Amino acid sequence: MSGNADIYHEMIVEYSRHPSNYGKIENPDISYHDSNPLCGDSIDIFMKVQDNKVTDIKFQGRGCAICMSCTSVLTELVKGKAIDDVKKIQKDEILGELGLQNLQAVRIKCALLSLKVLKYGLYTYLAGKLKDANADALKAEASALY
Amino acid sequence: MSGNADIYHEMIVEYSRHPSNYGKIENPDISYHDSNPLCGDSIDIFMKVQDNKVTDIKFQGRGCAICMSCTSVLTELVKGKAIDDVKKIQKDEILGELGLQNLQAVRIKCALLSLKVLKYGLYTYLAGKLKDANADALKAEASALY
Amino acid sequence: MQTTFSVEHIRKDFPILQRRVRNDRPLVYLDNAATTQKPVQVINAISDFYTNHNSNIHRAVYALAEEATEAFEEVRDKVARFIGIKDRQEIVFVRGTTEAINLVAYAWGRQNIASGDIIMTTEYEHHSNIVPWQLLAKERGARLEYIGMDDQGTLILDHLDRYLQTGRVKLVTVSHMSNVLGTITDVDTIIKKCKNAGVRVLIDGAQSVPHMKVNVQELGCDFFAFSAHKMLGPTGVGVLWAKKELLEAMAPFHGGGDMIREVHKYETTWNDLPYKFEAGTPNIADVIGFSAAIDYLEKIGMDFVRKHEIELTKYALEKLSSIKGLKIYGTPDLSRRGGVISFNFADIHPHDLATIIDEDGVAIRSGHHCAQVLMERLDVAATSRASFYIYNTKDEIDVLVSSLNRAARVFKL
Amino acid sequence: MQTTFSVEHIRKDFPILQRRVRNDRPLVYLDNAATTQKPVQVINAISDFYTNHNSNIHRAVYALAEEATEAFEEVRDKVARFIGIKDRQEIVFVRGTTEAINLVAYAWGRQNIASGDIIMTTEYEHHSNIVPWQLLAKERGARLEYIGMDDQGTLILDHLDRYLQTGRVKLVTVSHMSNVLGTITDVDTIIKKCKNAGVRVLIDGAQSVPHMKVNVQELGCDFFAFSAHKMLGPTGVGVLWAKKELLEAMAPFHGGGDMIREVHKYETTWNDLPYKFEAGTPNIADVIGFSAAIDYLEKIGMDFVRKHEIELTKYALEKLSSIKGLKIYGTPDLSRRGGVISFNFADIHPHDLATIIDEDGVAIRSGHHCAQVLMERLDVAATSRASFYIYNTKDEIDVLVSSLNRAARVFKL
């Protein structure tokens, strides 16, 4: 039960007004949607994949500043990365980038919704299109996020 | 919340072992069954009616000493009476006869089950066979007993 | 009788209002539409039951069971009186409004809703009064339709008229007061229209019974539901009222102990009302705690409750309207709204707003308030909501306002 | 760890045990199978919640809501641990055993039981584990059949075998311990037989979890249900456990708040487990009170509980057997019975017996104990039942015995 006084620093406020990679990709290779049943935040992520690399990523949705900034940071991290590296992205990278390590429990879901959507999206792609037997680990990871 | 110390006097114990008018009547003019959902006590009352008089009454069933003695007293009261008089029998007559005026709330149902069965039985007979428009009062009385 | 109670006095009965939260700030609790705080009288009633009288009820003859049964059944009488109902057998204890509505959907709905029938609700309902009917409509091949609302949050009853004319509407189910907009529904008119059309009406009173005098008998609806925890009572208790003839004709809902008359291997008969709908050990202690909550409300009087809330709401609407960029939903007509104010503040997401003002000890709700259909209608993802009760003060509204001003600075508005 | 607790010490935690009843007699509470008394730790946990942390849960971000949500969800972990379950998402909070079983009957049963199917239960079930299946069987055109028992109250598993051979059995639902006879059901064998036959098993643990160590994961059943109020916890809380794959495949039961993911006018998606089955405001305070009950039982240890009850039961069986005309039901094998003794005393009706010994402060249950099918099997209208828990003593059994002797004099036996 830590305080939240320092959460809303400049960067977060900025991202909430001007999120990175906001928008839609036509004919994406991967697209996934999820929402947070508790607050109604909802995120769609779209990705283009070429040569096992995420060549483009965009997102759409409605969410709070925490959700928007974390999604922005996530998409920045993902863009241009090899899928194998994208698979490895952990929540601490995103939270750390934004100084949100001590976020209170009830807001952590806002922060991690997009990571969850990303991991489920990747899982669907790998398990479905590529019949990758190891994809299940991603699904488990995604569902364990919160 | 009165005590019950004096309930189980000789008369009640005696009735519980040797109830009055116990048994069945073949081809009764009135017969009715009910049970107490809380304790499982169950009573069937049978009556023969002639010239608007209850010429015979018998009962069968399982119940506690309170139930058995009250039913015994009730059948004794009813036997030979004109239906109009039977309709008027009130709970206090029965309870008074057995010294049960201060019976605790949860046991009152044991005491009054047979009166309830009697009144419903009469109601069914009067409303059904005789199309007696005033029978509804009996039904209301029966359902108000407890 | 002297009917002016001082809020100062009332506050003393609520120990939690002494709490300090976060950075040692005094708690300013403004989420009363979600659940209210409990006076010491209610807390003590529960403790006293467990300390002195605890027993299962209805079936045993020993002293404790007699005391517990008597205390429990007296609450049924009290509830009936409180909402103006004459027949105690029509009062069914459930967990809350949600269970009450589901009970009706299962036990009445599955018998009475057929393929092609229409169930009507409104755009500002709580999910509890939408989802059970979606489930029922799907099972029975029926349709769930909506009475729309205007931009001030008032229902457009023409929609109802139009659907009633189809002759296919079997049930109209509406909340007495919106938990988001505070709109007090014109249930009199709705019930009159439905009665004329021979259509059953369920009123979700979760937000009305706690905040104003309600006489259910006079309303003339068929079903009525509300929750104890929104009116000073414990969690885990709610009430379904329904007309006796309906309850009698309805199939049972849950099967189990207490709701039966005779159980045999292959056939079973049902207990009298209301027990037919109260299977299993009920939430005995909390029903008894609820009794103390009703006593408390009766002591201060529902007229005082309503008057106090109107005063607070008037004050809050004035103060909030003066904040630049703050948009308030619902009608400004105080005679037609309860003590609930939903708003959005510029482009600050309600979650962020709630988190920021929580730092100042202010507890408001943010999100969809279990009313996503309404959010879609308002075309917002979420709103912030402040909701008042008997212990709230104008000072607390001032704290809210200054905290909102701080949020504006954080978000550089 | 020192595992011997003194009952003297335990009794001090239960304020109600100081009560005097009727003619100023000390309370001798022997109706623990109906509901148990509550230690001060549980009473205080509930008071503390309302005094310091009360808030609705899950959806708000302010301090109180965070505290309440955390406290509530921790209980889920604790319950899972207590019954040996690994996945907290499989723990669904309900009102009690009755609601848990009805939930399965509605949400699983209506999807999985078809015309001609057979559901099997036993002759010694509580009505809660009979009536929901009668209702379901009637709705689906299925049959409810019974595993019989021998005169000592042990199930005749041949009956199960015979029905399993038909290939039509879809569910076997049995109580882990009979609330009348105390019989501990051989659930291991039943579950093994059912697993081999591909048949689902529900265990009614209302009488087992409070009185012995139960590891549900090891049992290998599909559904498991129990009530908090029978294990030192508050009324209004129970637990349904089910295998995740089953819960996931099941339709929701109640519709409403908290159980949804997204609600739209004409379509809705469901929340994750376990919330999909927890519609509406749950009984928050009492779930948190239940936590203190589990702590209490863990502190004294379930082995101590079982050992203490075996000792009391042994003593009581000896004493009661020596009373002329007193007939005891159930097995004399202490390893296969819990601390429940049902009996009849000559021709004294159990209600009369309970009333007479209540004068001496002794609280036992009389009646059908919500087991009328068993009463028919035993060919009695009712029985008397004494049932023990951690705070009962041999002295109390002596009071029971001398009170029974007084009853014999009253009835001139």
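Letters A, B, C and D name the chains as they come in the text, with residue numbers starting at 1 for each one.
Rule of thumb we're sticking to: a residue touches a chain if its C-beta (ideal position, glycine included) is under 8 Å from a C-beta of that chain, and two chains touch if they have at least 3 such contacts.
Nothing here was measured: the structure is a model prediction, and the numbers come from that model.
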Seminar exercise, completed: Chains adjacent to subunit A and to subunit B under the stated definition are C, D
For this session: Could you see whether A-D or B-D has the larger number of C-beta contact pairs?
Result: B-D
For this session: Quick one: report the Å distance separating subunit A from subunit D, using the average Cα coordinate of each chain.
Result: 45
Exercise. What whole-Å value do you get for the distance between subunit A and subunit C if each is reduced to the mean of its CA atoms?
Worked result: 37
For this session: Between subunit C and subunit D, tell me the centre distance in angstrom, where each centre is the average of that chain's C-alpha atoms.
Result: 31
Exercise. If you look at subunit C, which of its residues touch at least two other chains?
Worked result: 22, 59-61, 63, 65, 258, 260, 262, 351, 355, 358, 366-367, 372
Exercise. Tell me, which residues of subunit A touch at least two other chains?
Worked result: 38-40, 42, 104, 107
Problem set entry | Touching pairs - complete list by chain label | A-C, A-D, B-C, B-D, C-D
Exercise. Okay, in this complex, where on subunit C does subunit B touch?
Worked result: 58-61, 63, 65-67, 69-70, 258, 260-262, 271-272, 275
Problem set entry | Residue ranges of subunit B in contact with subunit D within the complex | 3-5, 7-8, 13, 16-17, 38-42, 62-67, 104, 107, 110
Exercise. Quick one: in the complex, what on subunit D touches subunit C?
Worked result: 15-16, 19, 21-22, 27, 29, 31, 34-35, 37-38, 42-43, 46-47, 50-56, 59-65, 95-99, 101-102, 105-106, 126-128, 130-135, 144, 146, 227, 229, 234-237, 251-260, 262-268, 279-286, 351, 354-355, 358, 361-367, 370, 372-373, 376
Problem set entry | subunit A-facing residues of subunit C, complex | 22-23, 347-352, 355-356, 358-359, 366-368, 372, 375, 381-382, 410-412
Seminar exercise, completed: Given the complex, residues on subunit A that touch subunit D span 1, 35, 37-40, 42, 104-107
